[in-house]
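By written order: A, B, C and D. Residues from 1 in each chain.
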Amino acid sequence: MTDFFQNSGLAVKLGGIILKNPVIACSGTFASGLEYNEFYNISILGAVTTKSMSLAPMQGNPPPRICETASGMLNSIGLQNEGIDYFLENELPRMVEAGAAIIVSIFGKDADEFTKIASKIKTYEKEILAVELNLSCPNVEKGGMAFCALPDEINRIVSLTRNILKTGIIAKLSSNFNNIPEAASKAAKGGADAVSIINTIAATAFDINTFKPRLGNITGGLSGPAIKPIALLKVYELAKENIIPVIGMGGIMNWEDAIEFIIAGACAIGIGTANFINPDCGRKIIDGINDYMRRRNINDINILRGIVFKNSGAII
Amino acid sequence: MKVQKGEIVAARKYSENLYKLEIFSPYICKNARPAQFVNVRCAGFESNDPLLRRPFCIYEIDKKFNVFSILFIVKGKGTAYMANLEKGEILDFVGPLGNGFNIPENKNKFLLLGGGIGVAPLCLIAQNLIENNKTVHFVAGFKDETFYVWERDLIKILRDYRIFSENGAFGEKGLPSEYIYNSLDTFKEYQFLVCGPLEMLKNIQSILRGRKINALALMEEKMACGIGTCMGCVLRIKNKNGDIQYKKICTDGPVFDLMEVCFD
Amino acid sequence: MTDFFQNSGLAVKLGGIILKNPVIACSGTFASGLEYNEFYNISILGAVTTKSMSLAPMQGNPPPRICETASGMLNSIGLQNEGIDYFLENELPRMVEAGAAIIVSIFGKDADEFTKIASKIKTYEKEILAVELNLSCPNVEKGGMAFCALPDEINRIVSLTRNILKTGIIAKLSSNFNNIPEAASKAAKGGADAVSIINTIAATAFDINTFKPRLGNITGGLSGPAIKPIALLKVYELAKENIIPVIGMGGIMNWEDAIEFIIAGACAIGIGTANFINPDCGRKIIDGINDYMRRRNINDINILRGIVFKNSGAII
Amino acid sequence: MKVQKGEIVAARKYSENLYKLEIFSPYICKNARPAQFVNVRCAGFESNDPLLRRPFCIYEIDKKFNVFSILFIVKGKGTAYMANLEKGEILDFVGPLGNGFNIPENKNKFLLLGGGIGVAPLCLIAQNLIENNKTVHFVAGFKDETFYVWERDLIKILRDYRIFSENGAFGEKGLPSEYIYNSLDTFKEYQFLVCGPLEMLKNIQSILRGRKINALALMEEKMACGIGTCMGCVLRIKNKNGDIQYKKICTDGPVFDLMEVCFD
């Protein structure tokens, strides 16, 4: 069902980035994809985004790091990773071997760190489809979400990496500030090909018996179906402005959700938390989109993008 | 590991809060090893609450009929959902997960100590050890008589066991850790393997540390993925050099060197 | 179980407002309480907040106005109400008769409208515990959420009503801007006794078969358990600043959730969407809090307020 | 109206998608009137998804045994949950809700027209009308044979009925609205009462409007509370002066003057 011919109407373009289909595995929820390769062939995905890699290895936050909430989950992983060097030497080759279309997510505490990481990636850039700049992690003290409070910083980081790398550049933004369109404009001006929205939403939970936070880090990021309606509005609002291609994510569990983001204006969609619950959801979502298009005789997915604007343009 | 939908061939209630589900799965029966677990979806059709799968150790494997079982305590909404499942319904699970337990070559005698539902994974381990001609002494501690019926499962595996309960309603009255403490000399040749509540693990760690005895433990932490990708289920491990490291319970464990576990 | 003696440890003080217990019915989810009086005696509640009343009657938004989402719901009611005059003449007397402790929620398109409504309320102020200024409705074109983008406007509206009314004054704020502490300070300076957070979160949903928005108004406000972790963080962050007493709300379904908000710093809590699902939840939540305190030998609920700060103070 | 937990005394499957639940409730049997509904919680223990209750009209009332029933079609997760319920389980519901249907004093003959699951509330209304010595002609239209077994319930109430299905697999092949259109003269003395999909209601409205015949209709809209407090379930009504007003289906309805309903 997912062979090339049937997928041919699924290709999408995000600035200079071309994907064979719009289904992307989200950063931090797919590791480097190799675990999922045991469930299905991850090369069928539009792209695989790695967990966010930092310059030096990061230990992450103290446990507990996970807390389930109603139709959602909090995480406070805190970007635990082995560092960009380890990744490039040990994991990237295996991803290439698995045939994945690779988006490397990177995280720096400041523009300088981003630049350094980008320079390291430079050597491998032919093997990489795009670099995603994680400007929105709610679980780290420095950098992360804070960048989104300072759109000019976003502009700077994007241009600096843009100057170094020939790969696609994606800026991942936070919904924790009410300024996505502004941040997206700055990213676009800096030379980004697309933006990813949304990262997890800052949130928390407490234990009424121990009076302790349920996360070692006190606060965490909310993801999963609970946030879908919020994410969808952010995607809709930004896509309508037509500033930059949007990769929509937040609570997508199945192909219906994926289509909902696309008709709301997303060029491509990211599946995050769903990978934990149904490790084969990537394949199922691609199949589902395919079937939906066939049933409706749609032979190019790009026709669906933002189709709701026609039915809702006037009012907002 | 695979995402599977297995038919429930039996759903048994052991007591008010303790249940057993038997599931048909040639794949698990063929591939699973002791101390491995399955990650179970606990929500109805299209429901997203509870969202995350729940991990349960494999309790029994019946290779003849291709049926494995899990033994579980009802705690919250996930296990409440599972307790409601009936024969003929379908269980959605991912597995087998985790490294499982590899029998140390150089050991012949094993002391398995389980607290509460911690006995569940130890049963399959005990079975496996005995099949490999090892000597097993099984010690179990409970609060009350919740596990009364469970003894019938245990007795099929071995006879050399002691059962304690805090209120004396099941087995001998007392704490298994006291028993262990008083019998350390008897068991000094034994490989300890412990699974139970945090307090018990801490207790045993400090008892054994005093005597420089080693032990393995099965650890628990909240999990999102169960397959090593979310980095959620980490345990703080102090290795020989004294460095603290985060290890993933799902893919680095669930069996760890108890002496290296940091409880603070 | 809910007689006076057992409730006596439940009294809380929000600035000049004293409640016999911290359980408040949220605006817009309890009408004027009379329907719920058939399920239990609403006089046992700490307070009943009316739906938001405007100067002139408002028709509200076109249907559909409700859309269920994962563990939550979207609404785009758009403040349908009969206007403040109708309320004061017809509904208020019946609420008084039912013995409710009354918070009148009001909504104006600008400061002038708020002032006019406050003047009308003046005549009845002895019968009213407090007035809640709805500065955060996501479902109206003018006013509403927009005020929260302009904290100075909040200050002005609060002071103007403060000058007119001797009742308590509560400012209801939005979480759709990342400035609750600032907005709360302005409300405090204007003379508010407390703030209510959070109102619903702006969100949306689309139908993948018709390509239409699922709400007549396109966007709506998300409420219910889905938003609880987000609301809880907002309450925790604001309460820790110790600027003004906080009424916490967002996804509270049962007494455990209520306690969670209180230990996170809320002086009182609001139950909204839960009233739709379990119309007798108000009574159950009061009973549950009572039992919890008895089990733990806590004889004053104020001891619980913000108790998590001790376990989490250092890090944030 | 009350929040109630009633025991399910029978759970019947009428066909692939059509189910009936019979619930013990003296309170409903004593107080409910035709066209009233109950609002059902469709989630497991502590689950919040689905969050909202689902409204279902009361289908039958058996005063002798204090049992009422609801007849429902499986659409999404709420009804899927209900279809899974079994005898002996507990249904959590609020009711009776809505105004119900008051028999117009000055009418003696009634034409009840139901499309699909719209027949459910009409059955109790028909029963009630007949008990009040009214003449009832019942017309039902379906897509296919899903409602085949349901005819047995209908026949216990009355004999004067016509059943149509689009594919001819159940009753006569055809659309009930065509039948109505062709028989308007026969039924001009009748009070029409319609319940069914939107398309059908629109259709009937325009057929009747042409002939200046009146009709009542049972309307549906998404509901949050079911008791008039959320303002969610509004219907656009154009009253005699041509003013558009929002009416709440739950407490102002669910029965409305079909001619006043705005469909655009």
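Here, a residue touches a chain if its C-beta (ideal position, glycine included) is under 8 Å from a C-beta of that chain, and two chains touch if they have at least 3 such contacts.
As the structure is a prediction and not an experimental result, all values here were calculated from the model.
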item: Intersection of the contact lists for chain A and chain B; value: C, D
item: Longest centre-to-centre distance from chain C, chain (CA-based); value: B
item: Inter-chain centre distance, chain B versus chain C - centres from mean C-alpha coordinates, in Å; value: 46
item: Distance between chain centroids, defined by C-alpha means - chain B, chain D (Å); value: 52
item: Inter-chain centre distance, chain A versus chain C - centres from mean C-alpha coordinates, in Å; value: 35
item: Sites on chain C at which at least two other chains make contact; value: 70-72, 224-226
item: Residues of chain B whose C-beta touches two or more other chains; value: 48-50
item: Pairwise touch network: line, ring, star, complete, or other; value: complete
item: Complex contact set, residues of chain A against chain B; value: 28-31, 35-36, 38-39, 51, 59-60, 62-68, 70-73, 75, 77, 80, 224-226, 253, 273, 275-280
item: Chain D - residues contacting chain A, complex; value: 48-49
item: Residues on chain B engaged by chain A in the complex (per definition of touch); value: 1-3, 41, 48-53, 94, 221-236, 246
item: Chain D residues within the chain B interface of the complex; value: 43-50, 76-77, 80-81, 84
item: Residue ranges of chain A in contact with chain C within the complex; value: 69-72, 74, 149, 176-178, 201-206, 208, 210-213, 217-219, 222, 224-230, 232-233, 236, 251, 256, 259-260, 263-264, 292, 307-308, 310-312, 315-316
